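To keep things clear, I will list the structure first and then write my remarks on it.
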């Protein structure tokens, strides 16, 4: 950590801060610059150290040096993590394609969709049974009945099941049916839930919150990894910005950036990331070109009739055509799809 | 809802969309404009209606007309809600001042702070016992022991207790000790938790998530109100923007805006809203000038030694001085503090 | 335009607003909904109409229906514009690749770079002679001497020259040397400058401002088109958001979105859009996969010694390798590079 | 500057970077930490130094230590600047109140408004003669005729005139009529214009661009100060964020923050900052409570008929009432209005 003194800080203030640094068990190096003095604080930082130094008299700023996450860091584990869950593999030589409806709505809907996803070459089926909804008056999902229908779709097609879990008390139930537990964007910092999935054996798809920084995403993953579950995929699904022509802003630079920081694989959600079906195929292709390890895409037999997210869902034809487009790009990057 | 057709939409497309609107049980009014045709869809909207219409052929946009929240709306209840919880009243002729440390750290720390808050004229004591923390390696709070210390501080000073609850399963325990349950910004859309506090009898302080829209905040409140708990305060604590010289951006226009939309009282948190102790007093004063019904401010006997949020905590002297500044502004707005 | 009345608006208020609409020369359709009344205002909107209606008593909102830009709209001209300027073509079957240093620094630097760009297959040379710089103490460019060096580089390689013009009074001078006039992000709404380039015959590369909406970008283009210059390329170079691990946030969804709204070709700048050389190649590839018509990339013989933007500049090897990567993606989308 | 090496950087990389730092004429201090090595680079930084170091092998980050602005800095001049221009004083014991229409529309409109502003206690008259407009089809202002009407209003009331200048070539003309030259948000980084107003003798009101950082605002001021004009007021008028219920987001923390960084006075524009007349008075009051040295507010005899910005303009009654509200707050802060 670097303690930056204000220009014009007094010798007393510098001495005081040096003592503060040493009082925290850190070694202090005082460096007198052309305009300012800085104190480098070396050693193992404890929680709150930065804050406590930053409010000292004469201090202009405290600049941390180390990344706050550990287990997720590429500096700790250089070998890339490949997540495997049934038919789905993410992080290897094949791009993982997770597709399906926002919500499970009926047996026919989910079975038809599973077959269409399978036929087009998808690797896993998504579908929400427990739905977190912005309004209490919106459809909240079919719950356990939905999970059973997902399991039936797996039996029929062999596709792994990806579905959201919204509360720690539901983890045993959802784990019973699902191959991958999805942590939704709203729950990225629901730490009780992160710990619960960290304690179970299912793979986890962790979605970035719409205002979370990359460090916050990696620290959320750290909650899961810290409990012993290392089968974690990170998912970029768009951030909130001033842009209003898309539902969220999808920053694909997250892909190469995360690949420099962490060994965990990166999945892109172009459906939530854009909010409009007509933008999804091009952004899916772009994600693969940027190096994404997987995609998660909303597909529905009849988007006009969907209970939720019809806006951003592809019908079967559009999905099959998007698969074609994405496969070409995957091949151009030396991978399969 | 207004379905806006693309310029150049065909008669067939317009006829098809008119039928779609009617198929949803809505009445359709077709209006032929200078450049475009729009179809006004009148009636009770069901979930997903907007989405399903928006993807019709030839449709440029679908514009909703009604606010999605109901019980929280000023259109439903014109009389302003006054929330009362022990010594705290928010929404009436006195500005409610909630103050205390980020985390309960020890008996001495919380008792000293409670007395300082009481002496300076504060109306309630805040303090975290269950702490949601970005990093799994950070101090996570004293849990039930912290709640007991808060209750002891109430006994000693008469101040109402405001403390955060982070999971639905903790609601009974936290309700046993606290006067006001705080829902933190990270949990604003933790619906299971919102329902749980909606089912209990404690007053609720609901913090806005850093990327939540005002409509999303009001819909989160709606989850609580819908369960029958109407003692809800809304809290603005800053949004995430590109500004980096403050921790969050504190948009005080939220105060007069919410006062036009909802009967629920509005509390401002200038500590998280700025992230720097030196900015807190002026922003607290500004919040009252903008009409805020209450404030929640971090105060610590020794911010340099705080386990969390030392950066943005006032010491006792700074808090007493801020109270003086705020009291002058409250009087200038015809209120007490 | 749709005037949305407040729920509970009185008959008098509705009558008054209807008269207001008619007073503006528009036809009023009153639609009585389940909860609210709306008035559809049909006809040619004049400037300020929306504002004047919005402040009427009992009005909740006024919703515009038509896009504010005309000449740039795909609704006005369906055929895509192909911009040609010397060796550069953007909007056709070949992806246009503009590359070069941020600033022209010396004869050797620009000639070497031009040759490297040419060898790797680039289609135009960029280089700043007039540099708008955040600080008055930074290098401000070589000015006319820089333009002469660019022209010399064109003579040596045949590459078209793309360079920025920062003031209307410089347009004749810069036009004398350059093939494409770049309007930088800071000047996107410098209307005097837009008019000046609209009056000249050079092709224009118009960069989106970091907080401009897409409508504002298209209206800025409209200033140029309106003066008769239709050789306009739109350039996305990133927007300002809370993300701090990249210099700006590069929203590639701009590409397919603009392709649905305008006939003008779309260029992506992954150098400014990310701010880090290690992110540029993957984002360049992603841009092409998303359908970008062209790219503009910073290349420097020795980024460590660059006078500006060294951070985000590729050296010659990295650029050649990026070209390879991009060419594969271009082929996968059925285009050349 | 602090060069932070990657964890695991080799001794060779550290030696190489040390040599690089010294090659730039800086003194290098190598500090070996628990996890990483950092190199403190001491001395006068040249332009591009940060960039050139940041791309060295094994470098994780380069952290600047000094603020980039000089003349505007409180560290350079501790005494606060008071700007005086005719009847207007900003930065002293009286809050400066600038009010008037967005655009000058007619003699009657501007004279009536000037009298109403004067009567209510305003200190200067604003009014646009050269209007930068998002759309080329919008009203662009009365130009020199508008300036003459402003001068006539000054003769009639004694109020100083604040009006925008949009191009360097207009500075002599606008200076001839105006007391204060306003640089609009769109032109905050139009450096040619900043230099032109820096070379003239009129006071300047410099508006923050909607995506400019505080450092960028201060560096824009630096362009003016550097030319010798020190009569500069900084104006916060809102930033662009995801909030859509206000036109911009008005971050009042800018006021106390700037007061810690610069000696220049700070003006708040609650009209653009909110975009809605009903939010203006409370935000004006809040701005004064936060310590703002001045306000700039849009007032129009008949906002429903305004050529521009009718939405956010107060009529005379609302303005007089706002003045009363603001005066109470000013007194509560020990100042006059």
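To keep things simple, chains are lettered A, B, C and D as they appear, and every chain counts its residues starting from 1.
What we mean here is this: a residue touches a chain if its C-beta (ideal position, glycine included) is under 8 Å from a C-beta of that chain, and two chains touch if they have at least 3 such contacts.
Since the model is a prediction, treat every value here as computed from it, not as a measurement.
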item	value
Chain located farthest away, centre of chain A as origin (C-alpha)	D
More contacts between chains, B-C or A-C	A-C
Approximate Å spacing (C-alpha centroids) for the pair chain A, chain C	30
Centre-of-Cα separation between chain C and chain B, whole angstrom	38
Residues of chain C whose C-beta touches two or more other chains	211, 239-242, 244
Chain D to chain C touching residues, read off their complex	20, 47-48, 51-56, 68-70, 132-139, 166-169, 186-187, 189-192, 209-211, 216, 219, 222-223, 226, 239-240, 277, 303-311
Contact footprint of chain D on chain B as seen in their complex	211, 213-214, 239, 241-246, 249-253, 255-257, 260, 273-274, 278-279, 282-283, 285-291, 328-329, 331-333
Residue ranges of chain B touching chain C (in the complex, touch as defined)	2, 4, 6-8, 29, 31-36, 38, 40, 42-44, 63, 65-66, 75, 240-242, 244
